[in-house]
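As structure tokens, here come the structures.
Shared between the two complexes below is subunit A, which pairs with subunit B and subunit C, respectively.
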Partner chain A sequence: MLTLNPVFAALSLIAALILRLIVQGGRPQIKAILRAALFMALITVLNPVFSHHGVTVLFFLNDLPITREAILYGAYMSAAIMAVVLWCGVLSSCMTSDKVIHLVGRAFPHLAVLISLTLRFIPLFKERFKGIIDAQRAAGVNDETTMIKKLSFYIKAFSALVTMILEDSIDTSDSMKARGITLSGRTSYSDFSFHFDDAVVLALVLSSAAYLMISGAAGFVDLSFYPVITPLPVSVKALAAYAAFGVIAFIPAAKEVIAWRHSRLRA
Partner chain B sequence: MKRILAVTAAVLAALAAVFLLTFETVGDHYKETDTVISDASVTISVSCAELCGNGDVGKALRDSGLVPDDGVIIPETQYPISEGDTVFDVLRAVLKDNRIHFDYTDISDRSAYVKGINNIYEYDCSDISGWMYSVNGIFPTVASSEYTLSDGDVILWQYTCDLGRDVGDTYYTLHGSDAA
Partner chain C sequence: METLAFEGVSFKYPDSDRYALENIDLRVNSGELVLLCGRSGSGKSTLLRLIKRELSPFGELSGSITVFGKSREQLSVRESVSKIGFVMQSCENQIVTESVWRELAFGLESLGLQSGEIRRKTAETAMSFGIDKLYRRKTATLSGGEKQLLNLACATVCEPSLLLLDEPTSQLDPISAREFLSHVLDLNRELGLTVIISEHRTDGIFPYADRVVELDGGRISVNAAPRDAAVSNELFFGALPSAAKVYRMLGEKRSQPPLTVTECRRFIANNYMVKAAVSQETAPPRSTAPAIRLKGVRFRYENGKDILNDLDLDVGENEILAVLGGNGAGKSTLLKVIAGVEKPLYGKVEVLGRNTVKRKNEARSLVSMLPQDPRMLFLSSSVRGDIMQSADTADKENAEKELMRVCSKLGIEHLLDRHPYDLSGGEQQKAALAKLLVRKPRILLLDEPTKGMDYDAKLSTIALVKELRGEGLTMILVTHDAECAALCADRCALLFDGSIVSNDTPERFFSSLSHYTTAAAHISRGFFENTVTARQLVSRLESSEKREVNTDKT
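So, the complex of A and B:
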């Protein structure tokens, strides 16, 4: 099932990058992209130092072979890891708690509440922590001259944060109880409905995923890096699998582009 | 302060790279060395015959073209040894002479572990596969770099797919797999 085909990694990376640029804007992303490129270069360089598998020896380092296969595998792996990181970033900025509740709320109501609370609390705590530190600094009670004093300042701020969180959670639970979270027959508000175009996209995604699973199981797209890099599969079946993956990967970006174009026309 | 730290770290890393890393081109690595003149010699051979059957065992490796038809990577070879040479030293030297890929973990020259020979690696065949050595038909329970050779020893390196049971080691047959 798991394939090492670099086409998928490349498609996934490109699609995630484009989507991230659309969702979070271009300018502030340049630094993040540079950091990602540096991380990828580091993995590409480090993999051949630890893995000496491969038939094409480029040179020897400390008596052990540095191979082309290991370098290319490092490049592939770094692209795959970076794609996952980018997708997670996009997910966290797109997947708001009301969407989570809408998706899993009916089947697992308790789990959905928990997830949505967690999703809310992480940025909230970050904000609160920054607020505490800003307040301390503004009051002039901070002493950050040495490493140890700085650390103790942050520990104090953290302890204040914990107190604040505990009070917050009591407030939250009181508020939830007051609004009837414990009553039976409770329904949750949802802003989403299932339209014809949703059905089209769902069918597209499901059929693409099904074809990908079949081609993965049947080995249409198999490729291995070690010990010899096997040629990239370019049969019609393999090309269809790349296209199917492209459909899944590029649907979110395409949706954003189409939605924005329509909204501009209407305005 | 931060800049000083960063510069110091960079300088230290560069020094470590210069002193701890040795670069060799492929030509330099496989350069002909002067033959050692010595009274003592051993016989060494390297084989992956266990992978040569027709079954599923080793099929992926056979397909990649790394397994010789008869499984012989190094045929029986006489090799001169000097005082204190270990099984690991001889293996490394013979593979270098024959320009064969060799990968190992070397814990400060104390107990080396052979990971791969000729791109055939540990775990390539199953979870309990890898390279084992025997000297005069006995499978020692020490690392190959801790076994000091004497004149006339016969070393056999074999690829096992079954914790040594398929190449003639009886340790796990007698003690059971739990003994690992």
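So, the complex of A and C:
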């Protein structure tokens, strides 16, 4: 299933980069992109130092063979890793908790409540913890002179936090009971709706994904780096697979661009 | 039509030998607004919770409770959820979800409504409570008043016909409390909801209630219309609104008891010969060497706006300063800066001549702060353990002695081996105070020490503060409660927009303000100057001449 075909890595990287620029705006991204480029260069350089597979020896470093395959594999790896990192960034900025809850809510409304409850508790925990630490310090009763004492203070404060949260959650659970958490037939409200264009996109993504799986399984796009780099597959079937991957990778960016042009036209 | 009927209801908690409620007979008609009063622990919460079966405590219940004409056991959970709304005391703990719109939808989701209907109902409810601007906000970013308003909105979103409110405003500042109560009154008057509300601070609700019911030790001691309740000797003095307190303190029998500030002013005008604005000279504030001195203090949290802005403040030695101010004015932050927990961005803070930044440890050993939630101070599993933790451990014997001295003064010796969380709110506060006092601080900072307390507990806290002053402590207390400040402070200061805008004796301070002031000051405006507590007002009225002819029918 998995392929080491660099075309996918390249497409994925470019698509992620474009989307990131669109979603998060250009200017502040330049630094991030420079950092990413540096990271990629580092992996490209380091891989051949540690990996000596491959047959095309370019030169020796301290009697260790540096091979062309290892360098290219390093470049490929760095692109793939960078793409994953960028996609994760995009995911975290696009995939808000509302969307996650919407996705699970219809099938598991109680899970949706649980996620929402957890999200609510995180800032509450933080605030209470700071409250306890501040209260202890303001009372002037704690000794934080050594590292050990400081650590023990934090541990005690944390245990006090847990006690407090448990006690307070009795009220939270009463509040849920009062508003019918125990009733059967719970629904999950969200204001997202499914339109015709969503269906078109979904169909595109699903059919592309299906074709990619087939071509992966059938080996249309296979490529290996070691011991010798095999030629890049360029058959029609392989090109179609690249295209299918491109569809999936560029859909989010295309959607943003269309929405943007649309709003410009209206305005 | 009858919404609710208690007949011979008694209730006992499993581990208790005392009845929490005893032989309660109570009928509430549809559309009534019933004020439930009584001291802390008199059974108000138990009574309210028994009405809503999902929240009913476990225990021995006898007698019959009928809700909407059905016995409580016959009422399905679904009916109870949709027909009975409930709001509790803590604005924070009742919130379940992370965003306002999801919180509003919660009850409707439980009832299994479809998205279109939920959208319509949440939108309508948000608009009618004026929280439509908050619809997309995260619940963690709301203020206390906004949170409680959201809780009220959530309780009414399922269109209940009975609303139960258990001390809903006790954690709110006066402005938010007033807004909250105005929405409750609207729900009762405009939408015809039956409302049962328990409250300690009754000024905003007593005059408008259809009936006042008082619980005393689990029994109903008063059940009457407000004006009859106000003259009933059974009614706990603290449950009266300020106007009726004045009437009661005067020992008046003439005319109907006044319930609001306006009625009380009319009552005074009709019954007393008050010479126009008698000027009473008050002593200027005592000036002693400053124990706390802040100069040009500016403070902000990371990336936030300035909370304290060029703030100057002197507090004399052995003085009690009350700091008042709206929600989020930075009162608690001010205390933290003085306690040395937060470092000012600019300016300097000195306690007893020691800079809190440069001589941090010295300064910290002189100052102790009691947080708003006393539970924040407890780290051990027993009160004794907690107090000992802060006592000087080098000298065990003396520490033990000091502990007993402090605890007997606060009257909490019998609680030493209990878990701090098993104590009542008032007891927790005393235990926390004991933890601070064993260190013998010279300066005590109190953050809203009377929040959520009933009248008696409040008075005993005020007495305690005065007693501690007698022992040489300098104190700053931050409060929303103008009455409390007027009763115990030597000076009052108003914090607004990051700095102190007014700083004077309570008499001058409260007479100079027309909104943020005590009810007694409101009542005496134009009659007496520098009159800010009910007692002062009463003594001035007693020394005034009474009118003989009384044609007043209020």
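Assume the second predicted complex is superposed on the first by the 188 of 267 C-alpha atoms of A that agree within 3 Å, B and C clash if a C-alpha of one lies under 4 Å from a C-alpha of the other, contacts with A are read in each partner's own complex, and residues count from 1 in each chain.
Keep in mind that, in the parts below, contacts are C-beta pairs under 8 Å (C-beta built on N, C-alpha and C of every residue); 3 or more make two chains touch, one makes a residue touch a chain.
Not measured: the values here are computed from a predicted model.
Chemist: Quick check for you: in the superposed arrangement, does A:Glu144 touch first (subunit B), second (subunit C), both or neither?
Modeler: neither
Chemist: According to the stated criteria, A:Leu61 is in contact with first (subunit B), second (subunit C), both, or neither; which is it?
Modeler: first
Chemist: Mind telling me which of the two, subunit B or subunit C, contacts the most residues of subunit A?
Modeler: Larger number of subunit A residues touched: C.
Chemist: Determine, under the contact definition given at the top, whether A:Asp197 touches first (subunit B), second (subunit C), both, or neither.
Modeler: neither
Chemist: First (subunit B), second (subunit C), both or neither: which does A:Leu183 touch?
Modeler: second
Chemist: Would you tell me the residues on subunit A in contact with subunit B in one complex that are also in contact with subunit C in the other?
Modeler: On subunit A, the subunit B and subunit C contacts do not overlap at all.
Chemist: Which stretch or stretches of subunit C touch subunit A in the complex?
Modeler: 52, 54-55, 77-78, 81-82, 85-86, 88, 90, 92-99, 101-102, 105-115, 118-119, 122, 138-140, 151, 154-155, 158, 335-336, 339-341, 364-365, 367-371, 373, 375-379, 389-390, 421, 435-436, 439, 441, 445
Chemist: Could you please specify the touching residues of subunit A with respect to subunit B in the complex?
Modeler: Of all residues in subunit A, those touching subunit B are 52-55, 57-65, 226-228.
Chemist: Can you check the complex and tell me which residues of subunit B touch subunit A?
Modeler: 20-26, 28-29, 64-66, 101-104, 115-116, 119, 121
Chemist: Spell out the part of subunit A that touches subunit C in their complex, as residue ranges.
Modeler: 97-98, 101, 109, 113, 116-117, 119-120, 123-124, 127, 131-132, 134-141, 156-157, 159-160, 163-164, 167-169, 171-172, 174-183, 185-191
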